[in-house]
């Protein structure tokens, strides 16, 4: 497949027009998908120029949820920042906290104790399961099946209960502290977790049977929204979306070692097709893989403290650090610049969905309206993760 | 190259089977106003205030990332505890409001409180139809103290006995 | 004098029939809506559905919804074609209403037993596409327009397989009168065994499946619900409707489902006919109950599919119709005809 | 290669905490990954110097490891004197290039370093933004940054910089590139032709920092409404939420009648440092 990287200037002019949303006498129809539209799960607006039902050009308009986190972090101390970054990707909040905490710990020269590292990894994988579980159900809804999302929600609930039992918050755990964790696990949590992983495996099987193996679902998703690997990387598409294009790149394995991933035995799933079906399939396998990893880790949690020795007032020494992790949605990274104060000087939040969605204008050209929804669904973005 | 597993039955039939089986099973939902789910002990539902422990040190109000805690206080003289001791000055609360419309439920205030005056309670039924009514005063926060659970035991392998 | 009395009698009977048929549509819609939309779907999704309204398992929910809809403000979009916008829901409901005129629920319980009953029923049922187009056009909304255009394309495409599926039955029965088809099924025999008569579902299993698939498309139900497609077109042609006009569409949707289920039950499951009961008196009493049972059975199949499957794309839907259903339907007629001649 | 990278942070941790002799011991312990031993090592480190102080500025003087050296060598081969400075920041190579080599740096990274993956492009405003006195409204909760302008890893000539991170999905390495931007006429070369994903990142950088990108096809607002004025992420742009509302952390304890204000200001300043709690305790007991 040949790929043109050069920007189509003509298309850009169209997009600029579409932005103003003035109907010009071109014979095309401009359709506003969103900001309030059931398919965009959040306030993403998609200005689509249609020729019949075929998309001529599409321009995502984002920013309806922009909360200015990069600015806000400059006015917060390090412990206060955790509360904010929880809300970037609100479906996997715990996973958002980890890289930031890791960055601050690197700057301070602290290392969390092994038990804390294990619990962090378990909770990160749990939030990955929770996120993907929702996706696996919701993707069904995007292509019109009413029932799968309920199964997704139903079984995700078990995982959320686990997270809540350990951290106190279903969605916003705020459980990480610089140097460790707020608390240890409650009594009986490990057993509970083990049982829940069985539920997760069952749920994956159910959703596979109900959605992935359905011929209609296959017809709707196969060879729809193909992202060639070189285009995907150029746009900064990451995570499962990139692995579904056959790029064997997972920061848990390939990045700088963080948490306890180097000690774990896991497989990085890829799919050669790069279409919507491949993205669904990869996430399905990664959910199972995550559950397997959790089971592995539950047997190995070491004993010991959960908090390293940390000064009472957290002042982070001057320096810059770049910490990237493999979050459920893709590469989540923070570029933390500290000047020795109690709060960061500048934090560049590199969120996965932002780049994942930036490929939409390229990807949506020439598809049908129903496929727009399929592609949006299969890219799987969280609005908070786009707008930050 | 991963090969997709061959489906056992046609996917269309299998899907029908899944929904039919689920239909025969019971529901998993909770009929909320009639029955309630118990949140776990640690659930961060609402912040309760033990007024007698508060010394108006303002730490919580300062550390709050949202600036949603409002405190006012005054000082009073109290007779000495021991015979012949010095007269004590105590700080008493006049006002302790938390604006739950702003609160992000991060728990920083509970953690920084040096005198254990703030606690998390799993209570969750305090919604209001008017956003201004979410500003709760110290009497209301004090009522929630009853719902604060005992801390639960920790998992095997946890280090007990805090330093 | 007697003539006059007869006239009055005839008029009264017609009035009663009309009222009954008029009542069947919302009643059928509510029965289907409650049983399947609210309850069956809920249980398939591990939920309970509404439990409070009316006390027992929320049976009053849809009545309550209806009352709520009637109370709502009648909103019309500023740029809409107001008259057409107002008429459209009625057109949809009327087309459903007309179907019930020829549906027999007992040996004598039929408004009008037309000789071309099947033909008539299918013809009027496809009138609803006019209403849908009117609604989509008059709403002055892009989503509604897209939905209406999709609906038109789809309903027209699926008329054909629907018709072809029925032709097999007509060939077997040798009549187009619905009453005649029911009687044929009651009096027939399967290879000489007349225990349960000869419901055409056995001989015409292909036709039955074809009919259900095509009916699914006619009803714009998943997997053929692109015209409403809530995840892409929000609600398609209904997107601008509120209040009692939306209620009309709702009644139309489930009333039509009831009508198609009734047609399927009549054509393939023997309608009101009950095995072992040949007495017309008893048949008149039990007929409606039996028919309702069979309707529920068919409706269960239709809604089961609706709540399980994802939806196809518009071009795939056309492909299914023209590449699969129509050839299969034609082959079915051919085989049926050949067998009919042979035996 | 992963091993090289792995060792780096551990070494950093050691370097921060202890004197030279202890480094090797701690490093060994950290690598053996034995909880008890690690705990012991940490305790030792804590005794030595628990809170790392500002003097131990991180990153600057660390030598480059093999991967980084190779990356730098490849960059130097192509860019020549386009490279101004390079440094290591916790195992990541940071290279500052001249503004006119910015686009070439992207092309070289893509071609020679095989960095096919664009992680982000963003801006930095190095101008200090201390909030004190009147401006802060008494707020001592927000972190107070140093008042003099200092530049981070790899330095800068002026206040504004653009930086980007690219990675290789095949070789699994990455590099951060920085370039200086003139404050009076902030512009940089666009990367869109090399990395199509740069489009949105540059739009974001343009609206947040006011840095124009030459060659970008359409610099439009990304997050903010099109009539928005100002560049919110610049340090001189106030965060209105913190300006409009009075800080609720101001001590509002009425003193005893006839008593002088009992050093409230001092108490509050101390309380903020965490010692205030003890002070209050003494007061009340």
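Should a chain be cited, it is by its letter among A, B, C and D, assigned in written order, with residues numbered from 1 in that chain.
Note that contacts are C-beta pairs under 8 Å (C-beta built on N, C-alpha and C of every residue); 3 or more make two chains touch, one makes a residue touch a chain.
All values derive from a computational prediction rather than experimental measurement.
A.B. asks: Roughly how far is chain B from chain D, centre to centre by C-alpha average, rounded to an integer in Å?
C.D. replies: Comparing mean C-alpha positions, chain D is 33 Å from chain B.
A.B. asks: Between chain C and chain D, what's the gap in Å when you average each chain's C-alpha atoms?
C.D. replies: That pair's centroid distance is 66 Å.
A.B. asks: Just give me the whole-number Å value for how far the CA centre of chain A lies from that of chain C.
C.D. replies: Centre separation, chain A to chain C: 44 Å.
A.B. asks: With centres defined as the mean C-alpha position, give me the chain A-chain D separation in Å.
C.D. replies: Chain centroid spacing, chain A to chain D, equals 23 Å.
A.B. asks: Using the touch rule from the top of the page, what residues of chain A touch 2 or more other chains?
C.D. replies: Touching at least two other chains: 76-77, 115, 147, 151, 154, 210-211, 214, 216-217, 302-305.
A.B. asks: Would you give the residues of chain C that are in contact with at least 2 other chains, written as numbers and ranges?
C.D. replies: Only 44-47, 307-309 qualify.
A.B. asks: Which chain B residues reach two or more other chains?
C.D. replies: Those would be 12, 15, 18-19, 22, 28, 63.
A.B. asks: Could you classify the connectivity of these chains, where an edge means two chains touch, as line, ring, star, complete or other?
C.D. replies: other
A.B. asks: For this structure, give each pair of chains that are touching.
C.D. replies: A-B, A-C, A-D, B-C, B-D
A.B. asks: Sort out for me which residues of chain A touch chain C in the complex.
C.D. replies: 29, 31, 37-39, 53, 140-147, 150-151, 154, 210-211, 214, 216-217, 219-220, 368-373
A.B. asks: If we count contacts the way the header does, which residues on chain D are in touch with chain A in the complex?
C.D. replies: Per the stated touch rule, the residues are 2, 5-6, 8-10, 12-17, 30, 33, 35-36, 38-39, 42-43, 46, 50-54, 56-60, 89-92, 94, 116-120, 122, 124-125, 129, 141-146, 150, 152-153, 163, 165, 169, 172, 176, 192-197, 199-201, 208, 217-218, 220-225, 232-233, 235, 237, 239, 242, 273-274.
A.B. asks: What part of chain B is in contact with chain C in the complex they form?
C.D. replies: Within the complex, chain B contacts chain C at residues 12, 15-16, 18-20, 22-23, 25-29, 31.
A.B. asks: Which residues of chain B touch chain D in the complex?
C.D. replies: 55-59, 61-64, 67-77, 88-91, 94, 114-115
A.B. asks: What residues of chain D sit close enough to touch chain B in their complex?
C.D. replies: Per the touch definition, chain D meets chain B at residues 140-141, 245, 247-249, 251-256, 259, 262, 268, 271-272, 276-278, 280-281, 283-285.
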